[in-house]
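Following are the structures in question.
Next come two complexes built around chain A: one with chain B, the other with chain C.
After this line comes the complex of A and B, so read on.
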């Protein structure tokens, strides 16, 4: 049933499409670097010359931020929330219903294309240089690299399911500002993208640990710097896998409801 | 053999009532009231294979709603639809392979990429074989001149080029049925002509069934032998275009420009239905009175500066059917001022 070639073509075309917007690549990269500098300086100031805080060395913390910014570059290259909302409002998505393909999957594969383009043209070159010239703590074990890449990929899928589902909520809402606020708040704080979960006050840390967002940044980052190690890596990835299934079901539910609404109410 | 069967089709929408004022807004936060809008009411028709049918109606008549039900992206509230033996909304993806759709108001091409990329994508979406794809592309390139702009990004195409690309895109997978929703909207005369020639040709050569909605009367006159007229969600007329023209073709309009005068214009067997700055639009039935007969009447009391006799245009016929219903039109013409 799964038409691999078709979805692969979506990825390919979307890769080409990204190549059209070269300026976009540079501006994204620019803002990525600015955020990196910002969070780098904030954490340098917070450590205030100390070698270690909360059992985590300054070097590891800086690595955490650099890796986190890399991942946010990756995640940011997919179809953003506002664009999904826009496509719902203009009816573009409703019209895709009359095509013989699955809409959520089609967007996922298109995202693979654009993310891949952005990664090889901008992100990887930049971050390889950073890894060389900055004093970061890189894992020695290739298995850790592998676990990190896998966790980062699962994190990407979790983020995709949540962002797409949130975007599709536009079908049911007139005013979508609230959804956006919740989404970006969760993405920046609860995911641990700029503050690792171990620095959270106890109640917030346990709150975040019951949510899927930690799987997007915190888990891969913490694996990378060794905060999550040994068998914990497996349980953390297990948690991620659990969330990817849950968020995927959530996305499917929203999509089914949305397409049901389109076909009954005309969108 | 009927390829499209529509029987007592209905579509109702529930529309939320918007209450005004602060209290109303508060109230609608808690409890919203709805009213039902009947977009399509009890419409039935069948279309045979290879037919070309104009689906005509004013804005908001229910044309697009019907088309959407035929494409499967809307579920009817009542009645049945069958397209090429398939119930569209039950089997949307199978139906998708049988139909081609062009919306004049929006493109289905990938905006940022060269046109050819969208064609290649559609080839994969509809799993068109390589040889068939090549054949079709060759044919369309020849008739529509796609090679002029095939490597240009879609966003840089002119509207005429974009429409040509869009219609080619809708036909790549050899659908037996083609839905065209205002395919000539916004095009210049030459581009419109080119589009019509193409539509006629694929209808004839490939035996593709075409359903066309349009506001362009030239489109209807040139393309559709048959037309289905709908208004307020209901079918007003279904039959040959020629019959409509014959039936209402007897009505002529005389436009006269009169010199300064004080007397009102009174005419027998003809009536003034519009007056503007000394210009009069006069309607008469050719069987009751000739144009010269009307003119003679006028010259008895007024001096004519200028005059023209307008042939009945399908446009005015349709606007009269909209206003008065199909059966009412032949009755004595009601006087409408200023319309």
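After this line comes the complex of A and C, so read on.
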């Protein structure tokens, strides 16, 4: 059935490949830090010296942004969308279709490898230092850490399924310009990556709560700073699990359609 | 004179080439409009509860953003081609710019005239009108001329940085990475008023990579905002900063060119 050894090899290979492109790691980390600086400054200016706003302390809000920036580093370290689109456009993807593995899973495991490399060599050292030097609020309960890690992982899977499905739309649309920008916008705003959902206007917050994007950043971040607490943690993770199933089915549907289309065209 | 004539001939050829793919052209404009609208909506959501970001309200921030978008639009038209210099060098196709009897910098620049920046123009002009009505900005001739001069300054600053980044390719055969580390974050930082950043960052964006002169300083002059740490009306220097920065960029590029060795592939 599921060939662990095969997919494990993809993860390992892409881990090793990341080690070769070390300059990539540094440049990615550099721009991650700049965006952290930007959003940190923006939230500092928005609070304008107030201790709390909307029932959330400044310290918790700053922690939210730092954690969010960490997760966006994690989410951004996989195969970029344009690389998959380029493979579709140039027809290279047909070579992968001929091989005895499942393409969406193969990329997922390759992402595990490169993300893991980026995490241990760059992200974790940087953010551990940040947590020491900045005045941030860390959860005391190890269970919260566990819930956060799990939620962050599910969020990663949701993001992967949505992004991959969008990448595969290239099979149907030659030019994905407009669609892609809507996707990026939804990813950045509706996921709560830079503005938590509780600061949204009411109607927009409820709109976002019916969409999968909140599972990527908002839920893990809010669990980390304790805005989602107690039994709410379980319901939130339940929502995430629901969305990971839905987005995975969506990805499968798009993939089946797309791969058939290639066969029809003769590759 | 010869160069001006030549520029328009090359540009006309470029436009004809791009209009071959009308659907792609149209989708790119839609895409740009969506992504700028997305940033504007994000600003709106951010200020929904807080009203102000370092004394700047929503409309003032839109104005600041629109200046950046407008000059970036012109910058794409004129200088965006420099972003692909590394590909030309890697593939060895750069050599053909050297065997022709015109200045290679000029030739490379005129090779592509990216007309897809209509998105930027539509967006920024719409915002200018909307914000002028909301903030009752009084547009005198002096004001309009200053805005135009500031936009030219902004185009030269951003274009200059694109040129410098592309010049890295002469030494390293790679420059795309630098774009994503320097240009992309710098453009994002300056979408928000610089006053919110730590003093060091403000100095950096004023005097090292002078993106403050693209929109923050000029917008402060027009809207009458204070610029702490900087002299009042420093925005009037935008065009001058643009010219100086671009000349420096040009010499860096030419220096790189003199070091250029073909990859020969």
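Methods note: the second predicted complex is superposed on the first by the 265 of 267 C-alpha atoms of A that agree within 3 Å, B and C clash if a C-alpha of one lies under 4 Å from a C-alpha of the other, contacts with A are read in each partner's own complex, and residues count from 1 in each chain.
Simple rule for what comes next: a residue touches a chain if its C-beta (ideal position, glycine included) is under 8 Å from a C-beta of that chain, and two chains touch if they have at least 3 such contacts.
Worth saying up front: this structure is predicted, and the values here are computed from it rather than measured.
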Query - Partner chain in contact with A:6 - chain B first, chain C second, else both or neither - result: first
Report task. May I ask you to decide whether A:238 touches chain B, chain C, both, or neither, giving the answer as first, second, both or neither? Result -> neither
Report task. Counting touched residues of chain A, say whether chain B or chain C comes out ahead. Result -> C
Requested in this report: State whether A:23 touches chain B only (first), chain C only (second), both chains, or neither.
Outcome: second
Query raised in the report: Looking at the overlay, what does A:94 touch: chain B (first), chain C (second), both, or neither?
Result: first
Query raised in the report: Who does A:195 touch here: chain B (first), chain C (second), both, or neither?
Result: second
Report task. Name the contact category of A:46: first (chain B only), second (chain C only), both, or neither. Result -> second
Report task. Determine, under the contact definition given at the top, whether A:180 touches first (chain B), second (chain C), both, or neither. Result -> second
Query raised in the report: So, A:80: does it touch chain B (first), chain C (second), both, or neither?
Result: neither
Query raised in the report: Looking at the overlay, does A:125 come into contact with chain B only (first), chain C only (second), both, or neither?
Result: neither
Query - Touching residues on chain A, where the partner in the complex is chain C - result: 23-24, 27, 30-31, 34-35, 37-38, 41-42, 44-46, 48, 53-54, 174-178, 180-182, 184-185, 188-189, 194-195, 199-201, 204
Query raised in the report: Within the complex, which stretch of chain B touches chain A?
Result: 13-14, 65, 68, 71-75, 89, 92-97, 99, 101, 103, 106, 108, 110, 112-113, 117, 120-121, 124-127, 153
Requested in this report: Mind listing the chain C positions that touch chain A in their complex?
Outcome: 23-24, 27-28, 30-32, 34-35, 37-38, 41-42, 45-46, 48-50, 52-54, 177-178, 180-181, 184-185, 188-189, 192, 195-198, 201
Report task. Can you check the complex and tell me which residues of chain A touch chain B? Result -> 3, 5-6, 9-10, 13, 16-17, 20-21, 91-92, 94-95, 97-101, 262-266
